[in-house]
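Two complexes follow with chain A in common, the first pairing it with chain B and the second with chain C.
Up next, the complex of A and B:
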């Protein structure tokens, strides 16, 4: 799975971090998403899908 | 031959009203006619206080679609905007462009000025301070009169002390801050009544902002002070933003503490789980379910369509008002089976208690951590906590911006 984040759309809600903290973090200066791992391992797939589903700004895309 | 009344007045009587009162038997549930309407279809027109008939978006999926759609605006100046109250409509010209009523690039600019202090990491760093404040308030409550009012003993002081932490108000000034914050943020008071406290707080915050420019801390006021020095933000706007954070985070958190306590005292099985299970994942999940079940932001998110929008077989025409009653989405049985069941173990993270879309609550991570600490502490430390009055005697805040109860007399 490949994860793509759109930092223009992101509103720093932080729910992706809650859902998959090994894959997503937030910038110090404005809380905008930081993608820690573009190709997360299979065992994190469900968490990553949850993160994408829970993003209120629809800023996370998953390419299989 | 039966007489049928087909006059326009009779036809108008068919249009549902919004909002409608809740049932005295089930005060925690959203109004039953709202839920019944949602069972019929995912969106429907309803009449609000001024006689206008915006679209009510009821289904969980429909709410997501509308709140994330760029053709949906929060711009209150557009004719036909469905104000939640007459006061909001009448005070329109006194309201500047803020994060609440800006769209697109303006909204993003405002939002990014305030998001740094509310990241998950910063919230985790606050957890020890929140735990300490909670324990201290509970100590004082246990040492004080029994019965007491939970609202005064814990629900109101906790958020205001936490905002002090987040903003960076020195400990010595907490009492001054709390007293004025309570009056300034009380949405039941008139402008006249709260003006003196708002001015006192505003003046105090301006002075503190200047002080933070000389002596920075690790807090929101310091963040704002730096932006003022860098000429990205004006001092009066920074004060206004502080007041926004204070007001937004005050009654909401307080009401969640009080209302959840009332609801849990009615659900002893659920309460027992919370008392016994200290697993942070369980507590976090319990918070999400309580947010869903209670949905205290109950006057409906207000929007207006910029263009025609096709949704679920209907067309919302450009210029029509839109109201999104979050509780309807949170009690949609398609999204949450048996929604009237409070179940702290259910997967509830997809609730709309904080709304959805780019305007989703800025302070939601702060609210979460606060509620995780309080719900994980209060019922464990006071296991015999119970109502000191019968449930029927509780006065629910049906007309307030944030739903809750006025007092919660408790004993232990």
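Up next, the complex of A and C:
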């Protein structure tokens, strides 16, 4: 699984961090998404898919 | 319970689309039909009052998914045809009739019809008066903003405040009016709404707040002003009415479903056997709060869709979200996790109000109910846990 984030679209909600904190973080200054792990392990795949599904800005894309 | 052979989703915006995606993600292989009353493929609403209205985005950029991704969902999308009736009478098959005379049958129905903007009396008879709910609304308002000098925004809620900010940035002479004393006073309380009033004033928006609007005046069929309860008339070349929206449930009048400020649902977002509601239109029993609530925000649309898709497939979980909404006005990014009840006690727990970078915590009877970040998104999200913990202590 490969994760791609679009920092232009990101609205800094942080829902992705709540869903998968080992994969996503936010910048301290403006809350924009920081991708911690572009290739998350299989055991986190479901959390990452959930993060992408609930992102209010559709800023997370998953390439299988 | 058996998995339904066919699911019909009525409503093709964020919550309807998210339900379809969640069904497929959870492995549902049955037939799915999605009915939409607008001609467009599913698009996103939060950018309408900001990026679309300002012209920063082309309208096409609001599309929630590319045509390829939509096709990959293997669902039948039927745009431009509104549902007009739901007949739940038969035990297993439910029927939805549409404006164009079609009948759609399904074993499970998801009501995702959202809301309709409220209007002022006489509004429909005048040109130059807008609402902002759909993409077409946003484009029509933008056309007027490009040619008009004076805009009156009727409504001081989140949408009214965003529109005022966008119009001001486009260089219009903007007046915001409404019954509350400050922008978003009902949503964020006196401290933050006071700061918003300062911000809008600094940016040159004229605030005529704390006064009700009684109507519109027109000349030659076009709006000329907005009449206030004080007797004053605010001159306007264009006006936008952002006084809230009502759940779009008229089409369900004869369905036998309980309608009361939305489609009333149990804690699983079920309105009746095989019938679910999702998004702005759904008023469900929140077990943590012990009452019916309805949320009008973008995040709820997708989050609730995950639960509804699961419920259709036999999962049995109550819907217990921590509500979240955000608004961007000028350089202010405001984010709210949880609830900010009227009269809540507010403390600034991070940052500094005078620097316009802070997190405020809201408590009701000593219990944390919500946090608000002003240009501190990450710090606000970290404080969200206090809302979760306080809610868990109640359950």
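Following the convention adopted for this analysis, the second predicted complex is superposed on the first by the 64 of 64 C-alpha atoms of A that agree within 3 Å, B and C clash if a C-alpha of one lies under 4 Å from a C-alpha of the other, contacts with A are read in each partner's own complex, and residues count from 1 in each chain.
We adopt the following convention: a contact is a pair of C-beta atoms (placed from the backbone, for glycine too) under 8 Å apart; a residue touches a chain by one contact, two chains touch by 3 or more.
For clarity, every value in this text was computed on a predicted model and none was experimentally measured.
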| item | value |
| --- | --- |
| Superposed partners chain B and chain C on chain A - clash or fit | clash |
| First, second, both or neither for A:49, with chain B first and chain C second | second |
| Set of chain A residues, in rising order, touched by both chain B and chain C | 11-15, 17-18, 26, 28, 30-31, 50, 53-54, 56-58 |
| Chain C contact footprint on chain A (complex, rising order) | 11-15, 17-18, 26-28, 30-31, 49-50, 53-58 |
| Of chain B, residues touching chain A in the complex | 67-68, 108, 111-112, 115-116, 118-121, 349-350, 355-358, 360, 364-365 |
| Residues of chain A touching chain B in the complex | 9, 11-15, 17-19, 21, 25-26, 28-32, 50, 53-54, 56-58 |
| Sites on chain C touched by chain A in the complex | 18, 21-22, 25, 44, 46, 64, 298-299, 302-303, 306, 324, 326, 328, 333, 335, 373, 375-381, 384 |
